[in-house]
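Each of the next two complexes has chain A plus one more chain, namely chain B in the first and chain C in the second.
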Partner chain A sequence: MLPVRSSSESSWARTRQFLLSHGFEIVLVLVVLFYTVSAPRFLTATNIIGLLHAAAPLMAIAAGLTLVVMMGKLDISVGSTAFLTTSVGTLLMVRQGVDPLLTLLIVLALGALIGALNGFIVVVLRINPLITTLGTMIGLRGIGLELTKSTNISLPEDVRRLGNATIGPIFVDILIALAIMAIIHLIHRRTAFGRQIMAIGNDADTAARLGVRVPRVTFLAFVLCGLLAAIGGVLTVVQVGAVSGSIGSGLEFTAVSVIVIGGISLFGGEGSILPGALRGVLMLEIIRNGLNHLGADPYAYRFVNGAIIFIAMYADSLRAQVPVETHAFESEEVSAQPRTQSP
Partner chain B sequence: MSARSIPADAPGASWLRSAFTRNRLLELLPFILLTIVLILLALFVPNFFNSRNIINIFVQASTLGLMAIGMTAVMISGGIDLSIPSVMALSAIVGAMNLRDGGSVLGSSLLMLLVGSLAGCINGFAVAYLKMIPFVVTLAMMTIATGTSIWITNSVSVPVVSEELFSLVLDRTLGIPRPIIIMAAMALIATLLIRRSVFGRWLYAVGINVKAARVSRIPATRVVFGAYVVSGFFAGLTAIILSARLGAASANMGNDGVVLDIVSSAVVGGVSIYGGVGGPLGAVLGAIFITVISNSMNMMQVSFFTSLMIKGVVIIAFVFFDSLKKR
Partner chain C sequence: MVNPYLTMQGITKRFPGVTALQDVSFQAYPGEAMALIGANGAGKSTLMNVLGGVIRADSGEIQIDGARVEIDSPLSATANGIAFVHQEMAMLPTMTVAENLHISQFPTRGGLINTSETDRRSAEVLRRMGCQFTPDTRVQFLSTGDRQMVEIARALLTHPRIVIFDEPTSSLTSREKARLFEVIRSLKTEGVTIIYITHFLDEVFQICERATVLRGGETVGSGMLKDLTPNAIVQMMIGDIGIEVHRKRETAATAEPILGVSSLSRKGALRDVSFTLHKGEVLGLWGLLGSGRTEVARAVIGLDPIDSGQVEVRTDGAGMRPIKPGQAQRWIGMITEDRRSEGLLLSMSVKNNMSLANLRGLANRWLLVRGDEETRQAQEFVDRLNIIISSLRQPVGTLSGGNQQKVVVGRWLQVSPPIIIMDEPTRGLDVGAKAEIRNIILELAEAGKGVLVISSELEEMMALCHRYLVMNRGQIVRELPGTASRNELMAAAAGVDFMEDR
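On to the complex of A and B.
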């Protein structure tokens, strides 16, 4: 947090501080106002429900990734995890005729397993998380493409119908995604595990000395992240109705940008799931949805995405006012053991 | 402890020990692996050691090697540049469009170098002056560059048709294709610069310990900025060669697989992801190693997707060896 400014400082400094601490709200209001004025169908109930529907998979994935980011680490394999797990699931249902419910369990277990693999490489082999997940991101996508022969495979009809299931006017997957965010929020705020994640994110060494089992918590966070990536993948594939080679591609970057926009510091130890990660998802989805309504060139979306990440990160670095940091990777000891008391 | 464990009456044993310490072994590992791979290839892939295929491998490795040299500069400073391939693609597209619209070969080539260097300047400015995290800055740059490429081309590849450019870049000098010569020359120049120039020494100092470097009055901010500009410049240089070789420029030139190849090349070549260790020559050797793997898997008819998988494993394994070295 910024230190409290003395009254002798110029009004510009105070304005700047106000802008930095309320930047998100200001931008959100401006964006919504702009779209409402320029696209008449933007601020309608149907569009807002559709917007949430489209955002549901990202909510699940962002919730899991947030846990890892709060630890000061990153998992960029989430998109490939979503793709591989759902490819396996789809193939099981279509080729082997496995029961959808059992398939769901297998898919979720596979997601957790991939998370465990990442966690194992990071914790036991002590390899930097970014390189680890860069490797698994490419490797897992390779496996998935090999399995599906990079073709589109449709889901069985009765499973596909679930994608548009509604309760009243609201899509079921919105409720599922919000419930997941609420659960992760509770885990983060109300459990020892959640507090230990924040402790590691603030300072892994200190956390270890205070008795936090850093390796175990790190491992668990990666497992949860993999599990939620699989859930996000399921929500995506059920919405789309088929699995294809592009499922989850670029998703890791979208998820990271969502997290940064949501005010969760990439240095770790700061931020929240609710409202943090959720508002990040909403912001990105609102911008995308609005561009759509304005009839913007679809090829421009990716550019806009990149620009948004850049701006959000710049604001993040201003807010955090971090000390000089040119190193991409700190060689921190992930598996530092808690210091035993001397006899 | 260790002094006592070496028997005083066995000088031969201590010589043996120092020759086969774990670190020495780990340093030699890439070469040992390369030798094993080459022997296996000689045995199982009949056409591998034919002169055409060897030259082909070196030509393929030249573009990867050039990008790996750029990556080395950034990695020695302690950062990482994920945007190299996408910036390379963007530079190639801008240059190819200029060429298509009647621009000269020289102008288009300079334009490619300019676009690359400019993207490097933005990365460097964000990392060095705005103190943003290199990984995420270059991730954003990667998205922006790919986005721009897709946007301005509508995802269609731009043909590069210019005999002048082809002969300039692809002709042979003394029987060796020019891309190989360019790569070798650049590796040499980069090695000299990094070993003999003040900038090179500063770069290592910043990579080893940025705070100590600052205390010793090294302009760390400018050095880090410079490293990213170098990396962008090499992306532009690669764009010239690759667009001539492919006869086209498209957003797909810089897909995710290329990033992995560059990082793998550098890591296999002994450049540490923690900064301060390694050099351009190693990175180029690493690029050749990676190309040999891709090429041989291709010749053994392993699918592209499986090769992605194997490369993912290779990079994690090498970073693991790297971390063993540190301990």
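On to the complex of A and C.
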């Protein structure tokens, strides 16, 4: 049988609680410290701006995907959506000479349409979201590759220049990405739609019983996710200056890992865009950027990425094990006291 | 003579194969609580679902305040001032109380949620109910009783004129129950019409003015409670069948111990719990809700970790042997208090549910389950326990509560462990099913098993137990003999030393 726990146990428990609730900040500080010491050019304004520039597309895509994940669902077609929509856009501009601004609108509409397709399959045909978007992920990339004949197609010169547009020292796409995150955050926190996403993430049946129009909310979340995937695609392609078959490839899994690292539960109902999803993006991008500075093997990045995901998931599961309350003989007294929300 | 605020007349509802309601009439009066009583399957829920707009009656009419109304959806029920407090709570644990209250109807301003208005409305209804928690508390940090208050607050948000309470006290402690009754009383003084569905007759007499009894989809009686006795109501509920009196058999338990628990402790839940269960004995763990009864059972069979203590069982040979927490289920069968979420796989068949604990016993030498043997054993216990099913392939979720519980019992009888723990074995069952389950428990003891019973119903404990352990705040505070009186038991559970005149 287990020994009786001594009093030092409780101070360890407190330490553990602290580590678990501030684990992200601790790791972030350690990582930044490590890179700062070992790579002199890591902590410079230029590098930080470059890092955010590189992270901008992921911010947009992760913001949209987070909404879906918060419902306890998944959309792994975001990478293919980014690829197909931008392929169509590039072809329209290059082959048909369509005006860039009109093209942008078409690209965004197409993204929303793909989201609507996913939403339709999930909501109306009642097919599991993972299977649904696995199908569209494969299918959409196929269409894109067919359209582009898997060749690189450069953007028109005047559009390509936008990739390096800055306001002062800051790249414009950083501002766009941050604005998108702020807007999605507002939608999540302060609209009925956003709150109902969380309700569905808690339990779809309960939400339905409470009068939430679950199909409608689910559908809209997928539409928004598709739209934001298209935006992420546009940001990527404009940065790169061309579409190629590898655009957005693997992006869905990067986005999922970012979301997990950001503390958003894959079971739904838990997490935030700000700071959650944003800090996930930053963490991953900092690690990638730092490894570059260290001249690490490019393949090492995947390994480290994998390790980080495991650590994040493990921390999450540890957090879930810490009892929120002892529900034994307290109910008579304790229930009368207000409880405050944990951070 | 007050006019009824609500009148339902000639309500008939047929489902394929069954007539759920046959020409039912029902009246409820303003400022009064009307108890709606009936055994399981009597039609209470169907009738209230008609009123709540969840289902439509085939015929009949509903009048509110003298005017005929059409209620064809939950929304139109709400529009007619009807609110339904469901038995199963609909909670969103990771969200705040305010969000739980307003999730389908947030007040907005310019497209965004008006949080100050949301909080104000929430705070107002919580204050009205005397709740101590704030609207920004996350529901996952609330006790069951407080969650029930949130459930009720949600109903009151629309300022209803009729409030239906469906079994509101089944998960409440006595203090929480008192708070609920206060809320109901204050609603009554505001002239609200209350409809109160329950199995507990004592509550009916405590909080209601009138009662309507349903049986087999028909109204069998209705009247002022001051003119009725509990016995008269029970008679109406079960009809011509005489009330079976349960009395524990006088087969005294043997002195042979079969389960020994010593100094079981778990921080925040259990303190130094020790007891012995004998062969052929029904031992009752008695105490108020939250006194640690369920925690003892869970700790004994290793569902919860323990900080210290030891569990011993009599294994096949002679003598007692200490066991590791993970092994307990080889000797101890546990029937949990929440059969729907912990005890049964609702979408699976009766047969598969019954063989679940016995898959190893049913396996052939290639480790594959012998299907014919599985069927044979399932059929045997279906017959023995008199489980009413259409086929062994019927999904368990479609059975009535009593039959579901018998499936759980049947599962453990298949493996026939020497020790059985039953946590609230008859909760939510109707009078007849309760009696059957209780008889099974007594038979088990007679067959030489050791049975540990946990129940919130004093009558049930008194009908079953040879001996009581009284729990309070995670400790066993007293042991009482099977002859203990009702008053002694109540007093001991409340932590009062009670001396009857002897």
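The criterion applied here is as follows: the second predicted complex is superposed on the first by the 311 of 343 C-alpha atoms of A that agree within 3 Å, B and C clash if a C-alpha of one lies under 4 Å from a C-alpha of the other, contacts with A are read in each partner's own complex, and residues count from 1 in each chain.
Quick note on the criterion: contacts are C-beta pairs under 8 Å (C-beta built on N, C-alpha and C of every residue); 3 or more make two chains touch, one makes a residue touch a chain.
Remember, it's a predicted structure, so these values are computed and weren't measured experimentally.
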Checklist entry - Which partner does A:G142 contact after superposing on A: first (chain B), second (chain C), both, neither? => result first
Item to check | chain B versus chain C as contact partner of A:V98, first or second or both or neither | outcome: neither
Item to check | First, second, both or neither for A:L291, with chain B first and chain C second | outcome: neither
Next on the checklist: Just checking: does A:V32 make contact with chain B only, chain C only, both, or neither of them? Give me first, second, both or neither.
Outcome noted: neither
Item to check | chain B versus chain C as contact partner of A:R190, first or second or both or neither | outcome: second
Checklist entry - Does chain B (first) or chain C (second) touch A:I131, or do both, or does neither? => result first
Checklist entry - Can A:G211 be said to touch chain B (first), chain C (second), both, or neither? => result second
Checklist entry - Just chain B (first), just chain C (second), both, or neither: which does A:N202 touch? => result second
Item to check | Footprint overlap on chain A, where chain B in one structure and chain C in the other make contact | outcome: 324-329, 331
Checklist entry - Mind pulling up the chain C residues that touch chain A in the complex? => result 74, 86, 90-96, 99, 103-106, 108, 111-113, 115, 132-134, 136-138, 140-146, 154, 173, 175-176, 265-270, 288-292, 295, 305-310, 322, 472-474
Checklist outcome for this item: Residue positions on chain B within touch of chain A in the complex are 77-80, 126-128, 130-137, 139-148, 150-151, 154-155, 206, 210-211, 214, 220, 224, 256-257, 259-260, 263, 267, 273-275, 303, 305-309, 311-313, 315-316, 319-320, 323, 326
Next on the checklist: Which residues of chain A touch chain C once you look at their complex with the stated criterion?
Outcome noted: 1-5, 186, 190-192, 195-196, 198-199, 201-203, 206-207, 209-212, 269-270, 324-332, 334-342
Checklist entry - Which chain A residues qualify as touching chain B in the complex? => result 74, 121, 125-128, 130-132, 134-143, 145-146, 150, 250, 253, 256-257, 260, 266-267, 297, 299-307, 309-310, 313-314, 317, 322, 324-329, 331
